[in-house]
């Protein structure tokens, strides 16, 4: 792979991760949000694989394939099955409306750029320069989590945060050690399963994924 | 030995998963937990003057600090599993819970203990993260075990907020990893020992960002403000034995992670930045806890906010960072675990017998249920830092250490907050405990319930009066954090 | 090349550009209508129908509302005039049009804005309810598109370190590997959304509708008739063609002449016509499958364009 192809492909894949995060703020249909998450997982897997190919790191290529299986296929399927019972579910009334969310996403991107100065100066590689994009994806996910009021969009928000952190890990250190990576992936998978069970319980008890109905606990 | 500590709860979980639930299985959990305590003590004796022990090719490592935490986990787990038998029995009798759910509960409690043990025994900071994230996953179902609408809400908030917090901690861990890769390729770039050894070479800019993320991230699990909002809901909705475990040890296990990172950050950045960060979150926690405790109407939420206060105190103590302060912090971790564990278990008993967790509707406990009321009253005294309980000693020493390192102003602010909390808790406690009896005869509390609770309080008082069995262990552990 | 022959060459190239935009604009509109009709199973008007319509309108009697002032008269003329100037200085056929130094993205944007603003004023000038409503909607969309457009220009100019359009096009021609960088893709995506919004196409505005609840542009020009309407129609068609021409030359500048030689201009002419035709057909096909978004969702679309452009800028900063 030539240097400029590597730069371009890596840049595009990283940018796609961020773009998918922004698109989840843009879309209202929960099904579309889950599909966007799957695309983001695929882009993330692409980042890992491309770095692995570039650095001739077989372990990282394997991790990339695992990410593809877990984050682009299994996790979206798990969440997607929750949504499918309720195909008309939409994020109708987020706490921050869509245009303002999109502008906030832009501002968060700049914040990420400013906050990672010290890190990018330490990693002067092609991948290292893209670290702000990973942090921005994480912050956008955090924003989605805070402002969206459906159980499914909150699960997606958690996974956006997680994918953003994973992107930073791939770009900054070519991934964490394999043992930690496996443990972390297992944890995330289990967390998604737990969240899914809770979401199903919520729907069977409250009749919807609406978190606004959960208001019993307060001071 | 290190592996044995981990294998005990795993085996216990396996047995409770395979064999259908009955009381004997419940008692097995207590036996396992006390086994953990015993192995923790043996471990402590081994490492207190000698070298740290490792196992599993360097993945696990036990030094004095780990051994101390194993002991704390063992003590509280023994109390909680003891009470768990009664909780499950009552739930099954009231037909709120099937035997399958009871078995699930036992498995999850054992898994919960196992993940906490893995966290304190991990040599690798990545494994530490995996273990702490796993505690969240395991405890979510325990929080929602009562399957009511509000417990569903509590478990949802709990897993969502903690997952995000822990993701930030992961980012912090990745940045530490990045900094250590930059220094040079050691055999284990996330190994705590080698990170401490090379900490002065780590890039300060990256470490500053990393430590801030660690404090916010693991701080979420500790229940430090501003990421505390899950804590009162989860602790008030979980079954009492689970609340005792979560409030008594899980919070401090997460704080243990911050302590480990603080050693590295101190080496890389000097003491100023970590101290400033911990003082900020500590004081914020105290202020928020003080203001919210004033208006509490639910005794379980009152205990939960009290945990926020104590975590704030511990953060302030860790900010001081001198060996005296760290030893006091560790003693406080044990004392708070005991007192809070006993109080949550007692509150579970109150909930069981009175059927409500509102302070207004449970008056005059001391005359109606003298033993239970007495335990609750003494527990509150312990938690508020009355002598002879150990929290008095540890709070006093933390304040002393704060004045020594020039954090006198923070200590003063914390004293004001503690005074407000004292007044608030006393007024709630007065309503809960004192008052005329009415017509009923005083109800007795079963000895099986009272014995462990009284035992916990006596233990808390004992280590407050005489630091004897713990002194050398505390000093050895404190020297690890504050060399 | 001597200075005089260079001036003549650039002048001829610009004249060619204006001519192709002026003739090609109505034809492009005809092609897009034809494609749309065919996909919907209708025969549709002939491709050259817009030209015939315009000729017919020019022959009709001039007819203006009684209350209208000079603005109403001026607006169509200025609309066409600004587009003609913009078409002359844009690198559509060659990167050496006349007044190359003025061929700046900012200049072009505000040149075109003069025409749109006058048209909006003219909509108010007639004093009818529909005109005012159309103007208000058009200005709203324009005001929302503007920040997105400015940030897009910023993102595009990072490649060439200049907002000069010929310089940007030449920079991509000189460095073909930079054609697919993230910042360019983000910025071009944003540019496409802005172009669609500004030229009143679906999903922002439906050029074929005369339903009072939904029209934007058609409401604004409802009072125009005869030769004035012909000018407005020509101006709008030319503007769409010009914007698409700029877009295709930013996306894939291959074929654009880097000199003013005859062969280069011929090749450049052929390539730009082909590329605009392809994009036009693509847009027409796209329009078949989508519905117009509700007016209050338009801000979301344009905020999306704004964020895309912003992501483009950040990606540019990151790649430095």
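As written, the chains take the letters A, B and C, and residue 1 is the first residue of each chain.
In the analysis below, contacts are C-beta pairs under 8 Å (C-beta built on N, C-alpha and C of every residue); 3 or more make two chains touch, one makes a residue touch a chain.
Bear in mind the structure is a predicted one, so any value in this text is a computation, not a measurement.
Steps from chain B to chain C, taking the shortest chain of touch contacts, total 2. By count of C-beta pairs in contact, A-B exceeds the other of the chain pairs A-C and A-B. Ranking all chains by how far their C-alpha centres lie from the centre of chain A, first place goes to C.
The central chain of the assembly on a C-alpha centroid basis is A.
Mean C-alpha positions place chain B and chain C at a centre distance of 65 Å.
A straight line joining the Cα centres of chain A and chain C is 37 Å long.
Separating the CA-averaged centres of chain A and chain B is a span of 31 Å.
Those residues of chain C that touch chain A in the shared complex are 177, 180-182, 185-186, 299-300, 302-304, 306-308, 310-311, 314-315, 317-320.
Contacts from chain A toward chain C in the complex involve residues 4, 7-8, 11-12, 14-15, 18-19, 22, 26, 98-100, 102-103, 105-106, 109-110, 113, 129-130, 132-133, 136. Those residues of chain A whose C-beta lies close enough to touch chain B in the complex are 115-119, 121-123, 135, 138, 142, 145, 151, 154, 158, 161-162, 165, 168-169, 172-173, 176-177, 179-180, 183-184, 186-187, 190-191, 194-195, 198, 201-202, 205-206, 211, 214-217, 219. For chain B in complex with chain A, the touching residues are 59, 124, 126-127, 129-130, 133-134, 136-137, 140-141, 144, 147, 149-150, 152-157, 159-160, 163-164, 167-168, 170-171, 173-175, 177-179, 181-182, 188-190, 203, 205-206, 208-209, 232-233, 236-237, 292, 295-296, 301.
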